[in-house]
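Shared between the two complexes below is chain A, which pairs with chain B and chain C, respectively.
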Partner chain A sequence: MNAPTSRLVLRAALLTLVAIAATFALDPFRNYQLATAAGCFAAVAGLTVLVGLTGQLSLGHAVLMAAGGYGYAIASTAAAEALPGSDALPFLAGLGGAVAVSGVLGLLLGLAAARLRGPYLAGLTLAMVIALPSAANVIPALAGDQGRGAPFFPVPEALSSLIAVEQWHAWLAIAVAAVAVTPLAAMRRGRAGLRMRAVLGDETAARLAAVDPAKVKTGAFTVSSLAAGLGGAVLAVATQSVSPGAYGLGFSLLLVVAAVVGGLGSIGGAAAGSAIIVVLPWLVDSAASALPADLGQRLNGNLAVLLFGAVVIAVTAARPGGIAGLPRRLPRPPFTRNTRTPETEPNQNTER
Partner chain B sequence: MPAPSKKTALAAAAALAAAGLAACSTPDEDDVPGVTDDTVTIGTHQPLTGPAAAGYASISAATDAYFQYLNDNGGVHGREIEYLVKDDAYNPSETQTAVRELVGEDEVFAIVNGLGTPTHTSVLDYLDQQGVPDLFVSSGSLTWNQPETYPNTFAFNADYVTEGAALAQYAVDQNPDATVCVLGQDDDFGAGILQGVETVVGDEVAEAQEYSSSNEDVTAQIGAMMAAECEVNILGTINGFTALAVGTAAQMEWFPQWYVSSSGADYPTLVEYLGEEEAPLLLQGMASVNYLPNSPGSDWYDLFRQINEDYNDGADFTGNTVFGMSVGYLFAEALAAAGEDPTRESLVAAIESGDLAGNGIVPLSYSEDDHAAYRSVGIAVVDEGVQDFVGTTYRVDDGTVEQIEADPVPLENDGVPGQ
Partner chain C sequence: MDRLVFLLSTGLARGAVLALFALSLVIVWRAARVINFAQAAMAIVAVYVAFALTAASGSYWLGLAGALAAGAVLGALVERGPLKLVPRDTPLPGMIVAIGLVMVLQSGLAIAFGPDHRPVRAPFSQRPFLLGDIPVLSAYALFVLLLAGGVMAVLALLFGRTSLGLQLRAAAFAPETSRLLGVRVPRMVTAGWMLSVATAALAALLLVPTELGLNPHAADLLFVNAFAVAVVGGLDSPLGALIAGLAVGVLVSLVTGYVSAAAAPLAVLGLLTAVLLVRPGGLFAAKEARSA
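== the complex of A and B ==
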């Protein structure tokens, strides 16, 4: 391990500890929201690295999360039946299942993604989201609209007097999210990240420098899927269920919103974006319920969507770099610096 | 390896400080959650928006209207009931959030009448783990009746197997030679109805079809049933799909007999789907099962009608209204029986005691080892635009169906328990 990477791992470990410590200051429902946000964070981090570094726009990361969730539910249920009495082993088996299912799906999609550009890849991934409910109804293992249950992971005996179950699930969520995101951060600042930027900047130039764009794109999509799959596993742990309704088009687009608002390519921005997409709808619904019943009911569910639209427009207009801000510490390859302004670069590339 | 020592120290300090706040997140066991000297707060999750809203959104409004009526008449043991209704859009993932908010934030005493099989299944383990009474689930799945696994969960609807068996028995009693077919939702609902039908007619179900609620088209299913020359179609469908099935068949100029589960046979609701003009013709003779006081002119019916006028802005009075108010009454009765100072334990014990009467046309069957509400159902038929009981009542026990006498619970004390 070289010095920058070990520093990064240390920083990730510290942040994880701080996040876990923070759960003590939250009540159970906030901890549940934190767990949900951690799950989204893993997926959004994967998405933001994918879009920001390779310019591949995926609108279907919800499906990859669902794949991870189903993988978790199926593997952990099987493990819980095979090994009754153990809670930790089904959890680990579930994570394995999530990685396997989302990895395979991500690899297949990534192979297609390497051959598609901009709107075509967006269209393909969008179709995946729309197809999910039908797929769930056709494939018996996915158990239709009702979805699959995942085993409940209770608080271990030693901790049960100290923490509530939501807090325990928040811990698990934070730990899994850390495991999912740290490699992404390391990859982003390492050689792989450099290759991705090279491909993003100019594919022909990259090929001349012996970087194979197809391989880089496929690899990036697969890695991004793994993170999303682990995010789905986190949601399956927190909610003990996976159903197509939880991973609809609205949610999938919210993941993109989180990545854009946070700042494409930025991991810290992904964390902020995830927190926003979890907390904002809840805040809006709470506010709407304070309105007169008739008006409140009419706004219920619509107001949050409206607000997200406004936030995205405001952020792209005022700070195209997102919450993460513009001063990037990363060295930028010279050719991108000369041809495009950094903040608009990912968008231009995804649209060509 | 260069260690960022300042950050480490900061983080450690933060962790220590946070650990001191541990009490914030640990469960508090001194007070009874949701119960104060003058209020009892309970919550529910209901589809107020989304695909199921049209069929079921009126239930919680009716329950709330009953509670307002009850509160104006002194409440229960001097406590008013606060009923928190959260929208889950019939989406299990939203149910998760809604119920956690009710339990974690609003600290409700109990969850009452959570609606839907897929939705409520997703919070079953959570509620069990939290020890929250999970009362009168608004679904006929057998899942809610597992006292050993889920000691705090109680069903409200007659289960779908019971309904399917009673419908099939009535069909056979009317015409032993009829060709019986089943159309069911592709979950516990449809499967339960089919299972019930099969306990009566064995493997003589001529055609069993399924639909998915996310696909609003049943042409293929109805076509297959028409091709199989079905005479009696038993439906395990929600209201919207009952209307869709009947309407689709009519478009094909096919008019078989319809026997429909209570969850999808609310006549006024079906009229909204099919239209004032056509509905009486299309639904003439539709048989269904029910167990609540839905007879126009009965004391309960009249009381609920009055409450609906006074406390529900005179909303359309449907089977959902009766259902919602019946749930409210049953909860009030259980709360009254739980004593002057109710706890979650005494509430569950009051229901398990078997002393609750409810307001059905048949007795409740709650006991320590049976968490099903109704094991008997009455047959109701639509005749010239009026849906009423025809006096035939079936009891279903372990796969046997016997005809019994209805035994309606009389109205006492204007529907205010515990006086």
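== the complex of A and C ==
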């Protein structure tokens, strides 16, 4: 492990500890929201690296999350039946299942992505989102519209006097998100990230420099869907269920919103974006429920989407860097650049 | 056998709608080299306009004219509005703006009209004719086939035989040269958008009476299927859109009839994946003249 990577891992560990400490300041519902946001963060981080660094737009990351969720539910249920009495083993088996299912699906899509340019891949992934409820009805293992249950992971004995179950699930969510996102961050900074930017910048030039665009695109898509799958596993832990309705087109577009608003290509931006897509709809809907019943019912769920749509257009038009691009407008301390790999613009929107 | 004939004939009507919507995607692709991911949402806005006009006046035909006009206006507004704000040298910003538009339009409709599915009456009976003992097309399906065929013929004449069509094609294929020759390229691009969204609005309007009812997401599946059709047919090829549209319509109809309704989107997804992997340019595409 070279010096920048170990520094990055150290920073990730510190951030994880800070996030876990923060759960003590939150009530159970907020902790549940935090767990949801952590799950979304893993998926959005994968998406933002994919879109920002390779320029491939996936509208189907909700399906990859669902794949992870189903993988988690199936593997952990099987493990819980095989080994009754243990709580941690089904959890770990579930994570393994999530990685396996989302990884295979991601690899297949990645092979397709390597051959497709922008709009084709977006259309293919969109078709996948629309076909998810059908797949759930046709494939028996996915258990139709009601979806599958995932085993409940109770608070361990040693902690049970200290924390509530929501807080425990928030811890798990934070830990899994950290495991999913840290490799992405390392990859983004390292050689792999450089190769992705090279392919985005000019495929022919990249090929001349012995970078194989097909391999890079396939790899990027696979890694991205692994992160999304772990995010889906987090949601399966927090809600104890996976159903196609939870991973519809609306949710898939919200993930894109989070990546765009946070700033395409930025991991910190992905964190901010996922917090926004979890908290803002809840805020808007609680405000709307204060309105008269009819109007409130119409606004419920829709006003937040309307706002998100408008914000996405505004961000793309006016501030393509998103939230992550805001601090960059300030002058940078002179010596921070030297420790990084030479950073070409991570975001093709800003190339003007 | 009866069943096969019935499924084939309903598949043709379904395919005509698909082909029309796919044609709208082909038009905007040829005019501006973009895939408009907001096409379904924009078309549904126009259908709501038609719904309101028909409810107010009692005339289906006024509603139909209103949908075409609303589609054209919406196409121009979007092309001249939000899409002008982002750089066009790469497809990504335009796609993201289109996704934002989808969210704004669909949630706006849900706020304005409520989330209910509104039943829409067809102008003709949907009861199938009997040919001997075999149920075949309904009057409405026949109307859909004739209208879709007529519109496609008019579009073919427009693009192939008129000066406006020539300018539209020239502006799409060689913008710089066309500008030198006096073609107002931006105006032609806008015209392409207007034609495209009006066509999509017509397709969505024809579809809605055969579905569960009018709601903001009524055309989502139509868009996905039409995208598959456009890709299978080759995004540059109107004839490909027609043939692939009829074929996919029949395929969806057969899968729905013999397997289950749930399997139809999977069949389309499978077809789309297979074509994209084997021939990304589409089955009917001419050889690539430019790589935009």
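Basically, the second predicted complex is superposed on the first by the 323 of 352 C-alpha atoms of A that agree within 3 Å, B and C clash if a C-alpha of one lies under 4 Å from a C-alpha of the other, contacts with A are read in each partner's own complex, and residues count from 1 in each chain.
Here is the rule we go by: a residue touches a chain if its C-beta (ideal position, glycine included) is under 8 Å from a C-beta of that chain, and two chains touch if they have at least 3 such contacts.
Fair warning: this is a prediction, and the values are worked out from it, not measured in the lab.
In the superposition on chain A, A:Thr239 contacts chain B only, with no contact to chain C.
Look at A:Leu303: by the touch rule set out above, it reaches chain C but stays clear of chain B. Contacts of A:Ser86 after superposition on the shared chain: neither chain B nor chain C is touched.
When both complexes are overlaid on chain A, the residue A:Leu249 reaches chain C alone and has no touch with chain B. Applying the stated contact rule after C-alpha superposition, one finds that A:Leu116 touches chain C and leaves chain B untouched. Once the two complexes are overlaid on the shared chain, A:Asn137 sits against chain B and chain C alike.
Legend: residue contacts after superposition of the two complexes on their common chain; A:Met128 is shown touching chain C, with no touch to chain B.
Annotation: chain A residues 133-134, 137 touch chain B in one complex and chain C in the other. Residues 34-35, 37, 82, 85-87, 90-93, 95-97, 99-108, 110-111, 114-115, 217, 220-221, 224, 227-228, 231, 260, 262-266, 268-269, 272-273, 276-277, 280 of chain C are the ones touching chain A in the complex.
Of all residues in chain B, those touching chain A in their complex are 1-4, 7-8, 11, 14-15, 17-22, 24-27, 48-49, 87, 89-94, 96-97, 100-101, 103-105, 117-118, 121-122, 125-126, 129-130, 186-188, 212-215.
Remark: chain A residues 51, 55, 57, 59, 111-112, 115-120, 122-124, 126-128, 130-131, 133-135, 137-138, 249, 253, 256-257, 260, 298-299, 302-303, 305-306, 308-313, 316-318, 320, 348-349, 352 touch chain C in the complex. Residues 3, 6-7, 10-11, 14, 17-18, 20-29, 31-32, 36, 133-134, 137, 144-147, 149, 152, 154, 161-167, 235, 238-241, 243-246, 282, 297, 300-301 of chain A touch chain B in their complex.
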